[in-house]
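Across the two complexes that follow, chain A remains constant while its partner is chain B and subsequently chain C.
== the complex of A and B ==
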């Protein structure tokens, strides 16, 4: 009883504290929305014009912080490795993927749309919002739709591992080429032209690196999803 | 006017988040977690961060909650 009572008082005090915090946060946000955002955007746009990429976030993620992106991909790889290791020996689960008529016909309709949107987000990541991470996860979710609707379908393991290895190796190779040609890892050695600002073929190595990131993220997420869905019912 | 809409979305997201914590059934609270993601997509988009909004829509409320649901099925609870 006493534990319950103290829990409820804890929850109440948590509610009030968080409400106060949130109200002050909203106050700050609503008072300085316009000026702060414009100032930060102007500073970033000045930096951005040196690389000729229309999307500022892509320049930061792939170029100024390209090494961090390599680390993030390594983290995702370790996560998928952990899922694969944990679920490989687990033969006690009894879930089966059951699909009905509606899911099957809707997946036939939706799969090409989702795949096209994912590829668009991946390829146009340096011009419009989006990029490799989002596009890769979109492609993986399209694959998830197919895996749910078709019970027998399974993406071959060799294909996934080949795609992932190719993408990872080429990322590191592009970085090392930058290190060879200049003294900077992931140097933009294709010499971006500012006159091409806003075109699809602009920005030097940045779109190439983002497409590679998309392939790697998509194969890793597809591996995780397929392991979680299918590993249990081949008992 | 836009400030009022933002405020309403903020409060709705917070209410959904608290109900996701309080909810007893795990599958229901995963679906409420999806709702938190969708509400924050609107907030990110209003505050001029479309990249983060897209990431939140795809990863935060899309595939991560699906992974949660699949992991819940693997656990085999009657939740």
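== the complex of A and C ==
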């Protein structure tokens, strides 16, 4: 028996064996997948109707896991700090390619629309799909459009750092006020009224905290985008 | 014949096997590619497979998105926990990707290399 023939029989038997294994795996999965399990989110959905806002995901992210969100935007801050440390040292190289006329005139039309949509997603994050993270990324994408259309433009560093510092400090201050008025960090001291459920002014501190998260994410993403864009053309 | 695909077991299995396939596409790229940006993109594909698995394995056909109109109806909504977890995971993955790409750009500026087999400055 030649090596080639034995290899081909080995391959064939291997394929057959693996197909049988996959089929039996699918069969086991089909018989054992739990369909009517008690979900972990059912308790949160019940709790949400008394002390949450209309969008349950926003309640989980900002209120039930608010301390985790504080850590998350700290991770995002450290990442943007690392990007700045890596790429901001030599400031003489900027974008060399001139953008064309179509991009320049379209960016003037699209920039206010994207900014308004980003602010809408940020402010209505407790009533509709969206929120601070998504709205912040939308605002940063508008900044990206402005930066690639106009090569001389540079978002001033002082504005970005002032916005980011203000947002971070006010997040921690809101949490500490909850600690002061009750014994819980990020306690909802504005006491949401159940009659206001689904209105814009509802939910106590939850929409305020999500707008703060949006400002912080937007400024950090704008910083990362600006650094990556200014440096990426000369490599 | 397509009613077979509407049963929740079959949908769960499609999600599990599809996300596993996507995960192994990313793992194959991670193990075989030599360009450092392609390695970061493979890690991003693997993260996408994990997001699909988390969202899809707790997905129900007759349930709607967890946005309440009135304060007291709770039964017909999807589970909000995987959405919140994946929202966190997406932001962290984006931060890691941006930091890795900036490291790669700075390393290329200093040494002119993108192939990971030739990155041997620390060996001697």
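Methods note: the second predicted complex is superposed on the first by the 177 of 235 C-alpha atoms of A that agree within 3 Å, B and C clash if a C-alpha of one lies under 4 Å from a C-alpha of the other, contacts with A are read in each partner's own complex, and residues count from 1 in each chain.
By definition in this document, a residue touches a chain if its C-beta (ideal position, glycine included) is under 8 Å from a C-beta of that chain, and two chains touch if they have at least 3 such contacts.
Since the model is a prediction, treat every value here as computed from it, not as a measurement.
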item	value
Which superposed partner A:142 touches (first chain B, second chain C, both, neither)	neither
Partner chain in contact with A:68 - chain B first, chain C second, else both or neither	second
Per-residue contact with chain A, leading partner among chain C and chain B	C
First (chain B), second (chain C), both or neither touched by A:206	neither
First (chain B), second (chain C), both or neither touched by A:26	both
Partner chain in contact with A:224 - chain B first, chain C second, else both or neither	both
Touched partner set for A:174, first chain B, second chain C, both or neither	neither
Which of chain B and chain C A:121 touches, first, second, both or neither	first
Partner chain(s) touched by A:215 [first = chain B, second = chain C, both, neither]	neither
Contacts of A:133 with chain B and chain C, given as first, second, both or neither	both
Residues of chain A contacting chain B in one complex and chain C in the other	26, 29-30, 33, 41, 55, 57, 87, 129, 131, 133, 224, 228, 232
Chain A-facing residues of chain B, complex	3, 6-7, 10, 14, 18, 47-48, 50-51, 53-55, 58-59, 62-63, 66-67, 70-71, 73-74, 76
Chain C-facing residues of chain A, complex	26, 29-30, 33, 35, 39-42, 44-46, 48-50, 54-57, 59-61, 65, 68-69, 72, 75-76, 78-80, 82-83, 86-87, 127-129, 131, 133, 194, 197-198, 217, 224, 227-228, 231-232, 235
Chain A contact footprint on chain C (complex, rising order)	8-10, 12-13, 16-17, 58, 65-72, 74, 77-81, 83-84, 87-88, 90-92, 95-96, 98-99, 101-103, 105-106, 108-109
Parts of chain A lying in touch with chain B, wherever the complex brings them together	15, 18, 22, 26, 29-30, 33, 37, 41, 55, 57, 87, 90, 93-95, 121, 129-131, 133-134, 137-138, 140-141, 144, 221, 224-225, 228-229, 232
